[in-house]
Structure formats: C-alpha cells, structure tokens
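Note that chain A is present in both complexes that follow, paired respectively with chain B and with chain C.
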Partner chain A sequence: MSLNRFTWSRFFKMCRRLEMVRRIAEKEWKEQLREKRYLAAGILMGLLFITALISSKAYYENEQHLRLHAQQGIEENWLNQRDKNPHGAAHYGIYLFKPESRLALIDRGVNRYAGTAFFVEGHVRNEAQFRKIEDETGLVRFGELTPAYILITLMPLFIILIGFNAFTKEREGGTWRMLQSHNVSMRKVLIGKWAGVAFTVLMLFIPMFIVMGLIIYSVSGFGEFSLTHYMILGAVYTLYYLIFINLTLIVSWFSKHSGTAFITLLAIWITATLVVPKLFVSAAQYFHPLPDTNTVTEMYREARAGGIDGHNPASARELERKVMEEHGVDRLEDLPFNFAGYRLQVGEEYDTKAYNYVFAHIRSAISGQDILIRKGSVLSPFLPVRNLSMGLAYTDVENHWDFSEAVERYRQDFVLYLNEDLMYSSRTGETYLAGSDVWAAKPDFSYELPGMGEVFRAQTGNLFILIGWVAFSFLALLTIRPTSGEG
Partner chain B sequence: MLQTIKLTKKYGDVIAVNNLDLQINQGEIYCLLGPNGAGKTTTVNLFMGFVAPTDGKVLINGMDVALNARETKQHISYIPENLALYPNLTGFENLEFFAGLSNGRLADADLKILLREAGLQQSAFDQRVSGYSKGMRQKVGVAIALAKDSKALILDEPTSGLDPQASNEFARLLEILSDKGVAILMTTHDLFRARETGTRIGIMSDGVLRREFNAKDVKHNELEQVYLEQVLQNVQEA
Partner chain C sequence: MIHLEWRNLTSNRWLQISFLLLAGLTFLAILNRSYHLESYQMKIHDVRQAQSNEFQSFIADHDSITAGVKEIGNQRLNPIFPFSLEVRLVPQAVFEPTGLAPIAVGQSDIHAGIFPVRTFSDPVNKATVYYNPATDLFGSFDFAFVLVFLIPLLVIAFSYNILSEERENGTLQMVLSQPVSLMAFLVSRILFRFLILFVALLSVLLLSMLPAGVSISANIGGIAMLSGFTALYLLFWFGLSLLINLFGRSSSFNITVLLGAWVFFVLVIPTLLHVTVEKVHEVPSRSEALVEMRNAEEEAFSQDRDEILDRYFLEHPEFIEAAEGSTADEQWRELYEFYKWFYIVRQNIAEAVSPIVDDYYSRLAGQQEFARRISALSPAVILKEAMGGLAGTSPAHYNHFHVSAEQFRLEWMEFIRNKMLREQFVALNDLDALPQFSYSPENVNNGFSRAGMALLFHLLAVIVLIVIFRKKAGL
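So, the complex of A and B:
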C-alpha cells in the first residue's frame, strides 16, 4: 500500500514536471508561430523544398525516359547487328545502366559527377559515362537545389534562425527575470525551450518528409522504393537536427546578446557545412591524389608490358608452342579449338590484370580520401550525415564502385562468352561470322542494389560518428547549470 | 513576512546595500523611497534572489532566500518597473503561462476574472501584449501576482511612467492585495503615492535605511523635506 502511494506520488510529481515543460514548450512554439520572420522562413523553406522535389522528380523522370529509350535501342542494336566475328561484336559492345533507388530523388550524390552508364567492350575497362555534369553550365558549381541540399544544408540554418535567441531574447526582453521570479527550475525552462524548438523543427520536417515520401512513392517506372531505407533516412536527418538544436540552445544560453549568438551560430554553420567539408576534400585530394588520365594510361601500359596482345599473333608465338605441346599437336589447325579465339581470350586476361592493377591503385587512393574525409566528420556532423544520406540513397562512391565492379565482372564474362564462341565454333583464323543466335544468347547482366546489411556495414563509421555527435551535443547541453544563465 | 537582517551587498568597492534591517508584515505596504543609486533595486534583487548578499540574510516567510531560492519564490510575486511579458502572446496567454508556472492550471474563466480584477479591459484580453501600454502591462503583472496567490509582493518602481489615472488604479489594486493580507514592498520615487498608498515608508540613501515613518503619521511636507535632505546630501557627497 505504502509502495503504491509512493509510486503514485512519484508518478504525479513526474506528470507535474512534464506539464511544466509542456507549458514552456507550448509558449515557445506559439511565439515562434506568431513571429513573422520565422513564419516567412518556414514558408520559404517549404517552397524551396517543393521546388527541389519537383525539379528532382522531373530530372529523374527525364533520365528514366532517356535510359529506357537508350536501353531498348541498345538491346535492339545488339540483337539486330549483322553477322560478324564474335570478337568484333565484343568491340561493338553494349551499355549497362546503374540501377537506382527511388531515394536518389532525394540525394543525387555522386551520380551526376561519376556517371550512371558503363560501356562494356573487349580489352577495355571503361569508367562510367552519361555524366550529367558534362551537359551543364558552370552555374552548377554553385550547388544544385535537391531535397537533400535543403534537408542537410539549409535546415540547420532554419534551426539556428528559430533558436538563436531562445535564451538571449528572454534576457534582453526582461522575461528571464520574470521566469526566475517563479518557482520554476531553470532546467525545466531549458528542456521546455528544447522541446519548443524541436517541435517547430519537426512540424516543418515531418510534413516535408511525408510529402516527399508520397511523391517518391508515386514516381512510376523508376527504381525501387524501400520504406525501411526511407524511414532510416528520416531518422538520420532527425538525429542531425537534434545536434543543431542542441548546439543552437547551448550558444544561446552562453551568449549575452542575440546578435552574438546569431553570429556565433552562423560561423558554426559555415564551418560545419562549407569550411570543414571543403577543407577535408582538398586535403584528401592533396594527400591521396587520383592519377590523371596520362598517368592511368602510363600505369596501364607498364602493367600490360610483356603480355600477349590478342590481336597480334607475333606476340603469342611462345603461347602457340606451349598450347600445341600440351595438346600433342604440331599444327594450330589440329587443336580442338580455334587458337585465334584462345589467343584473344589470353590477351583479354592480360588486359584485365593490367586494369585490375590500375583500378586497385585508383581504389586505394579513393579509400585514402574517404578515410581522411571521415576524420573530418569529427569536426562537422554534416559529413557523416551527407555520407549516410548518399549511402542510403545508393548514390555514394561506395555504391558506384560496387556497380563498377559488377560491370567489370560481367564484362569479363561477356568477352569470354564471345571469345569462346570463336574458339569452339570455328577451327582457325578470325573469319568466322557469328549470327543473331549468338547475340541473343549472351550472358544476362543482373545487379541488385546492396541490402540494408551491406549498406550499414559500409556506413558503420558514419553512423557511429553521427551518434557520437548526438551524444556529445546532449552532454554539452547537460553541462549547462541553472546558475550560469543568470542574466 | 519579508525581512532582512544586517543585509549588505557590495559590488567591488561599492556598497549598494549597507547593514539593512527591514521587517514587513502581512497586510503592510512598505514604500521604499530614495534617490537613484540609493540601493532600492538592489534590495529588491536581493529579495528575489537575483543577486546573492555579501553579508546578512534575506528572509521570506522565515526562510533564507540564499538557502531556499526556489521555495521562497512560491511565496513571492514580483512586478518590475518595466514588466516584461512575451510580446507575441496576448495578455490572457501571458497570464495563463505565468500562472501555470507557479500555480498549476487555472480555468480560463478564473484567469479572466483575475484580469478583470486587475483592471484590464475585456477587449484587451486577447490582444497581443506588443500593443499594450505600460499601464496595461502592469495590470497583467498584477493579475499574475493575483494568480500566484502569494503572501508577498515586491514591486520595483511600478508606477513610474504611468499616467495619474493608471497610477491611481494601480494603487487601488495594491490596497486590495493588502486587505487580503499580502505583504508588499514597493520602491518608488513618488512621495505622494508612497504616502497615499503605503502603510509604512522608508527613506534610503547610499544603501542605508535613513528614516522610517508610519504613512498616517507623516505629513507630505515633512516627508518631502526629509527626502530632499537625503537627495541633497547625496549630491554634496558626490
């Protein structure tokens, strides 16, 4: 009985505490709602967001249309190509397009820069093409208006705008003294303010997020929509906003004047969203430079040196001798396969080895850059969120590489298939002509976007850093002592 | 109800309040007069716990403010010279908010009664405070004090800047509160108002309480003369 009374008494006390916090939060929210500049900023954010969303939707619908058109044309061209030597068909090549998640509408990531289409052909591992950035003017350097840009870059600015004077306005306006004259703990005022700002932010973000989800869901014929990914993306953005809400309130608490608080927070925003990312990207490029085209060509030539050239019989005399010896024949014509096809395949394997060497070097440089940039995440929560956002939207560098590797594996199968057709459908030389049945039976390319587990494995570091930022900002908020805010 | 014992407050070498002994009982309106820099506002701030005393004690309902900052605030209401309210909220909403901080939830009808008692026009209840005059804001302040139902009220020059009518209305409200047994400490420059409204009057200068009078026993001329002597002494010392 006494335990029950004790429990109820604690429960009511807690309810009363929460009621107090609710009152403060409600007051805060009412004030913000009635402040015209906040309302104007909120409406502006909403309009920008809708514009970004519509433009992103139009962009992807257009891209999807072009892609479908191109895919159909490429498939038809491949199937309807004239009879020709299979290795010639390998040079004729095909295009493969990177499948996309519908979340790419939110965050285009590196797609516009890295490209989404790969030309698959014999001997050469091509980098991606169809880079939209190449078709655009220099104005794109000022940044694209995408939903991710609004949500990651501009939203913190909105948080700063509504929260920078959360405490300073009370001190400047004299209401701080009024609050102090009441029997209310300053900790509750702090929590109430936090809840008020957080509520305003969520009241803007949640409708935006729902509208965005509905629009993405309604886009037809484009990628897959994973609700789990979408909700996780929403959670990542929310955690990010919590960091900025906390930082904003901390600065407001310790600032004497609203102007000082605003300038300080603006400096933090510029540092977090512009300075640190650019600084670390520049440092990454400096310490882990990517080889330029000439260097890549030179590296390839060095790695390829001494290898067999599939198109040059003179370079394969030793191979001829070995193969004939293995099969116990004196003439190439007596081999159970067309040696020309075999030579082309061996040459292809030399090419692959050389490209593997070159791409391993490039990949290593990119990994080095990634590690260095990740270190920058300790100085700015913008970086882990940017990476997580791209990762969940499958538009990050990691995903680009994953697809690039899948394309390369397919390229090897594709060329092997054609070279083997030459080897086993003819006896000698390269005069054999394959037909439509060969083209129709080429290996199918299939690629599935990595599952959630793989995405999380790739993003573990970013996720931990983001959670670290959230924890750090809450700890910093907790260090505020009621007496330190006396005005 | 309100008491100071040997209260001293120093800011560096400057003594703002010096060895102040004050006792204000329930139902009393104590008007603290004094020129600028006399230490009136510092005394108010010490009662409110906004600043800590250098020496001595401030007691509210027998509790030391320095040791029981939050508990003592349950018993005290405060109206500063320029009552700060939230400009984007209405008078009613401001009252609802502050009343909620101290006294739980009051029904809307009760809050409106308090605003009416404080003399605020009905039409102003739902207007934003940003459009209020100083007198209207002070009335909301009185309503907040009424809602808190506290045993003591501290006012820091509440009538300064009010027109005579508003000042009279304000004085009437203080009398109502006094009749309810509230102990009131009011700092002011207004000798006439102090004598008309107060039950006791203290004259302070240089942080020292120089003289005390029963308001009924002192004539206006006498009060004025003593007050001017203190001001003159201040000027000469300066």
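So, the complex of A and C:
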C-alpha cells in the first residue's frame, strides 16, 4: 500500500478507525473521573505536590541564606585574623560551602547526604563535612518530600491505581464478551484504554510540571535555568510514565481478578523503587567496601613516606644543598627568598601527590559501587530515571565530585599563594608576619556548573537504558495477542 | 474449619511464593547486616590492639627514659612530659551497637563509629568518614525495611478478601448456615492467619540469626520486645483488613483502599512528619557555629600572653602553689610555661564555644524527642524507630555517643592541662588515672514503652472501628 497517495475514502476510513479508539479512550477517561477513589487520589497527589514544592522552596531558600551567611562569616574570619606567618594562615584555612543549583528544588538528590562544607587548609585535602543527614532524625530515611519524590516514586502508584483494572473490570463486569460479540478489535480496545490512562496521567503531570517550572523560574539562585533543559527533564519523566502505563496494562490484561492485578503491580512497583535499589546498594557495599579512616591514614602515610616534610628541616637537607648550589650561595640566609617558604611548598606538593593517590583509591571504590548500582537499572526502570533526574538537576554524586575537585584545585592555589608570600616577602631565618593586605589578596574561588552537553554525555548510559525500557514495554504491550483476551 | 483454612492457604501458590521470597529476603537482610557488624567489630579490635601497642611502647619509653638509658630528641614528645600524652596516647571514641545490631541499619551507615579524640577536635564536626552519598541515599537492605515496608503488603495480600471472596464466590450462604456468627468466623479467620504469619516470621528471623552469629540467649530480652512490636504491627494491619472487609464492598475496592492505607502510613505520613520536624524543630546550622568558633579561636590566640596568664592565675591561685613544688629544672620550666599558656587558651576557647556546642547538641536531642513524639501518628515509623532502638543504631544513640565523646574530650584536655599547670611530670601510676572514654547503648532512653503504647493505641483504634462498623454492617 503506498502511503503517499491520498484519497478521501482512505482518509475517512482511517478517521472511523481512530474514532473507535477515541471513543474507548473517552469512555475510559470518563469512568476514571467518575470513580471517587481516583479523583481523591489525584487531588491527594496534587496537594502533596504543592506541599513538596512549598517545603522544597522554603528549604532551598533557607539553605541558600545560611550558606551565604556562613560564607560571609568565614570570609570575615579570614580577613580579620591577626597578623601571622602566612603558613599559620594556611593552617587556619578557610571553608568553602557548596552552592545548590536552583534545579535542586525539583530533585535534591544526594545533597542531604553529601557534605556541604569543604575545609581548605595546608597539607590536607579534606572530605566534605557537615552532612545534613548527620543532623537528621530517622524520618528522612522513609523518603524526602520533594517534587521528584512525587513525580518518580508516587506517580507510578497513581498510574497503577487508575489502570490496574482496565481489563479486569471488563472481565469481572461481563462486558468483555459484549465487546467481543460486537466484533470490536481487541487491539483497538487496547489502544483506547492506553490512551485513556495516558491522558489522565498527563492531565495530572502537565499542570504540576508547569507550576514547578514557574516556581523555579521565580527563584533566584545558582545555575542557569534553560527551557530546553527543563523540557528534557519533563520528557524523561514522561517516558518513565509510559513504561508504567504499559506495565500496568499488560498486567491487567493477563490477570483474572482486579485484586491480583493490583497486588502484582504493587509488587513490581516496590521491587523497582525500593527493593532493587537497596539490594544493589548492599551488594555494592559488600563487593566494593570503602576504606575506613584508619586505612586511609595508613595509605596516606605510606604514600607520603620518604618525601620532604615542609615542617621538618631535617627532611630537606638534600634540597637545601641543591638550592644553594643553584644560586651559588653557601648559606640559606643568602638566598634571594625565604627557604622555609620554598621548603613548605615542596612539602605541600608531596602532600598533594599523596592525597591524589589516596583520593583516587577512595573514588575508585566509590565508582565501583556506583557502576554496580547502575546495573540494577536492568531490573528497575526507577534507577535510570532517578539517576537522570539527579544528574539533570545537578544534585548527583558526579556533581558533588566535580565541585570537590574544583575545591582541591583551589586549595593548591591557596596554599601556593601563602607559601610564596612567605618565600618572597622575607628571607630565611627572618620572622615575618603577614597582615590584612595579604589576607585580602588571596585567590578567588569560583565554580561553574558543567554545561548541558557535559551533563548529557555523563547521562547517555542512563538515557539508553530508559529508552530500552520504553521500547521493551511497548514491545511487550504490542505482542499481547488480541485473541487471548478471554483469559 | 481451621483445617479448611489451612488447606485454603496452602493451596494458594502465590502466597507461598511471596512468603518464601520474604523469608529469603529476611535471611539476606540479617546476613548482610551481620557481615557489616562483624567487619566493624574487627575494626574495633584492630584499633584497640593498636592502642594497646601504643600504650606498651609509651611505658617502655617511659621506663628507659626515667632509668636514664634512653634520650629523646624532641622533649615535647618525652613520655614524662604531659603534652606527649595527647600525641602518643590518642584515645579513640568507639561506638558500640547492641547485640541486635543486624536487625536495623539505623544511622550506622552515616556516622563514623570509631574516631580519634584529639584535644583540638572541632566539637560540632563529627569525625571524618569516607562516604558515598549515593549508597546512603538509597539506603542499605535490612530487616527493618522488610518488616516495616514489605510484611504489611503480605498481610494485605493474605487478608484483603476474607469476606468479599466468600461473597464473590457465592460461598457466603454456606458460611452463614454454620452455627458460628459471621463475625466470630471472620475474627477467628484473621487471628488464624495472623498466627501463621507471626510464627513463620519469627522462625525465619530466629533461623537467620543462627548463621549470622547473633546470640539468641544473650539478646532474649530484645528479641521478646521485637516480637511484641511485630505482633502489634501485624495485628494492626490484619485489623485494618478486617475493618475494610466489613464495608461489604468488592475485593477490588478492598485492596485499593488497603494499599492506599499502606501508602499513607508508610510513605506519605513519614515524609510529612519529616517536613514538620524540620520546620518546627530546626537544628542550628553547624556552619554558623563554625564561624563563631573560628572567631573565638582567633580572639583567644590574639590576646596578650602575659595578660591571659595573669588573669587565669588570679582566678586559679591553687596552680601557682602547686607549681612551686615542681621538680622541673629551668629547661623544662620554659617548655611548661609555653604549654601553660597553650592549654589555658584552649580552655578559654572551649568555654567561649561551649554555649554554642551545648545548644547544638541539646537542640538535636530536642528534635529527636519531638520526632519521636509525633511519630506516634504512623505505626510504620514507630516500629522502625523502635527497631533502631533495639539495634542500638538510632539517632538518639549516636547523639549520646557524640555528646559522650565531646565530654570525654574536655575531660582529657583537663587532665593534661592540670598536669601542665602544676608542672608535674607523667608518672607511671598516672596512666591508671587517665580518663577513659565510655559509651554504652544502655544509657540511651529508647522510649520503648511509649512505642509499645502507641502501637497498641493504633491497634485499639482499629478494633474500636471494627466494633462500630460491625454494628452498622449488622453482623
């Protein structure tokens, strides 16, 4: 049949065919509206969503306020510190607080579980401290009320609720035979039911998504808010819903009773959203255990062994000789710079190298865990979506590490600046105290969120799995044999 | 009738499969957590070993130095000088869960259980721990999750149609023709199912504790309490199921309402409670405390040294007298003078920040108390909190642990400071008098009786509703 030849008769035929589907869809949708349980569930979802949005916004603004306030306090601490040896100031250090992207309003991701304060000091690379979760009651472990929680965890339940008896009710009500006797194609019934459920889901999702977009748009904050970015996030959620609509209809088709269909679907839902993630986390912790503090200290000690210790002149005799030889002097005091500062900087580089080694080890254990957890995506469509949602909101683990690396680069500049000040503002053996002008001229820290391209590159795996799930579920839905409907 | 029930249940293949699945998951959960507990206990063992080695080498050094057979280059680290204590005998704060730790992760995946206590530790910065935020976000798989989240679903699947099924199968008339009332029939049916599930669950739990190395006899009290909580929790869900059945609607209606209740109690209420706790009982930001502490530190160190010493000794003349009896020679004196100032400044800092620190910890405890109080709204939350309490891994336990560690830090600092201010040398018998860190999960108020009461209250509420609706349904 050639598709490019348009004839009116063919057009009307197609319209009639679609008309049937449309009617079934409409009937399905009207029935859903009439059912008070569904209406109540929809209203409850809406109310929860609004609560989540309001509390998320309040949380976000409060955190932002506290962060700015604390960062300002730290800045003042630093500027008002007493005159001291610049290296003393490197030990005093500063703190950098991680900003939240405004998209964190949708999905707070790991933010509550990752440290927010980075202590920037000489000699030591610190893991982020002040994890919000340390100050929490056990309640947050049940789930955090954020828009993402509603959209990713609860929305599938709503889909299940409105679709679980799409076919079983026909069977139980005896209308199944009637449909068959009227010679209605089962495929049309299927498509009609599908459209009916999808329409309801979108009617709930789209207003939510628009309101959320407006609120994020109105919030001033860190990070660009681009419409494309937001629309892609919306598309991810929609694809996720399609998977659950398909699964729901498949189960409803094959179940004899509505009750069985509902229990089966709920089992699928709880497996996908809670059981699989937890089981894979446990497996990850078993197969890739993270080193504890003592092991890390030991590793650091080993990596550091033999190098020059900035605080210990005895460890730098060789260096002293070499530097004096280079400058053609016999005494350190005759060098054009303060050797203590130079020694500290050389020592610092040894420290950095040792820390790079240690952190690479820790991070490789962590990425081993993450890779294993991601494998759970094959069993759970929830995982790729959760990861995509966090990734797109800049609240995933990758973003945390990205910031942490930026802080480490800054730490090296910061310490270098102070050591060089000691080196060039004084001579070996002199007592030198730096003052507020030195504190004021410290390097600035700035951090830019990665661009959209970079985020997508990092998320291709999750995107592929998600699309795989969509394709798989559609395939399964379409291979339902129309004649097997008798059940 | 019971015979019939039993046949009825054993012929339901879905129930069998789901029960076996849950039994397997319980087994896995207990084994998984006990594996973590074991490796944690190994770490404790290693740390204690290392501490005892440090102690031995300290004593050996002390012996050889006082006997004059050994010299030490850096006098500050000489074991007879008090400062060496804090460098060479670093105490460790060690958290110990109870013997039932494998039943619930609680907060043990968040906090460091072992950390060195240093006199200069930041009092609100809980120890460094290397973590993966992603694993903490999804949470580990434990028995508390199986019991609180999954078992109610099994209960519902087990009982949602106890009445509606009879009606839909047309067997209701048969039941009514029997000499027992319908209500008695339903109640005995529910209780029978409860008993089967409860006994099976308890057996699976006890059986999985054996290979996990959990001593049943040593934890018999905790296990009894856990069984009590579990029984109340299961009865609550069975009761709810009976109640919904009394409405006389279809099985499909029953199951949507029951699962709606599950979503409500297990997912919705806890998140709403969390938002409420955060709103009503906000914990002071530690970053604010940090700024205050840094200010106090700068201020304390920038004051004139002599002035600080003068002011301190005016208030504490006892130390001047004590120092007069010192046997330290001129060289030592100089070192003592510096460290006197050093420890006095430390004390001043500690005193300046203690209101902030106390406020932080007491408000944290207040938040936990408030959370526990409003948790009474959801049986799921009550049970999960109680299980954390039984496991010794609840937030209250960790709060108590951190407060103990902070108190110990102050004691430890005071011990060294007193020696320093009196210009005393460290004698071997001083080592017996060193402050010891102690933490015991028994000192934490778990609120078990309140949890039991709250669970009982939920159950009673359901029973009262059953009685009311029974009359309405005319049964």
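The rule we apply is simple: the second predicted complex is superposed on the first by the 472 of 487 C-alpha atoms of A that agree within 3 Å, B and C clash if a C-alpha of one lies under 4 Å from a C-alpha of the other, contacts with A are read in each partner's own complex, and residues count from 1 in each chain.
We adopt the following convention: a residue touches a chain if its C-beta (ideal position, glycine included) is under 8 Å from a C-beta of that chain, and two chains touch if they have at least 3 such contacts.
Just so you know, these numbers come straight off a predicted model, no measurement behind them.
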Is A:Phe97 touching anything from chain B or chain C once the two structures are fitted on A? First, second, both or neither.
second
Between chain B (first) and chain C (second), which does A:Ala284 come into contact with in this model arrangement: first, second, both, or neither?
second
Looking at A:Ser185 after the superposition, I want to know if it touches chain B, chain C, both of them or none. Which is it: first, second, both, neither?
first
A:Tyr240 contacts which: chain B (first), chain C (second), both, neither?
neither
Look at A:Leu145 in the shared chain and tell me whether it touches chain B only, chain C only, both, or neither; answer first, second, both or neither.
second
Identify which of chain B and chain C touches the larger number of residues of chain A.
C
Mind working out whether A:Phe49 is in touch with chain B, chain C, both or neither, as first, second, both or neither?
neither
Touching A:Lys30, do we find chain B (first), chain C (second), both, or neither?
first
Within the complex, chain C is touched by chain A residues 37, 41, 48, 51, 55, 58-59, 66-67, 69-70, 73-74, 76-77, 80-82, 92, 95, 97, 109-110, 112-114, 116-117, 126-127, 129-131, 133-145, 149, 153-154, 157, 161, 165, 168-169, 172, 257-260, 262-263, 266-267, 270, 274-275, 277-282, 284-286, 289-294, 296, 362, 366, 369-370, 373, 396-397, 400
Footprint of chain A on chain C - complex, ascending:
14, 18, 25, 28, 32, 35-36, 39, 43, 46-47, 50, 106-107, 110-112, 114-115, 125-141, 145, 149-150, 153, 156-157, 160-161, 250-257, 259-260, 263, 266-268, 270-275, 277-279, 283, 285-288, 290-291, 294-295, 298, 301-302, 364, 367-368, 371-372, 375, 380-381, 384-385, 388, 394-395
Under the touch definition given earlier, write down the residues of chain B that touch chain A in their complex.
48-50, 70-71, 73-74, 76-78, 80, 82-89, 93, 97-98, 100-102, 104-105, 128, 148
For the complex, which residues does chain A have touching chain B?
16, 19-20, 23-24, 27, 30-31, 34-35, 173-175, 177-185, 486
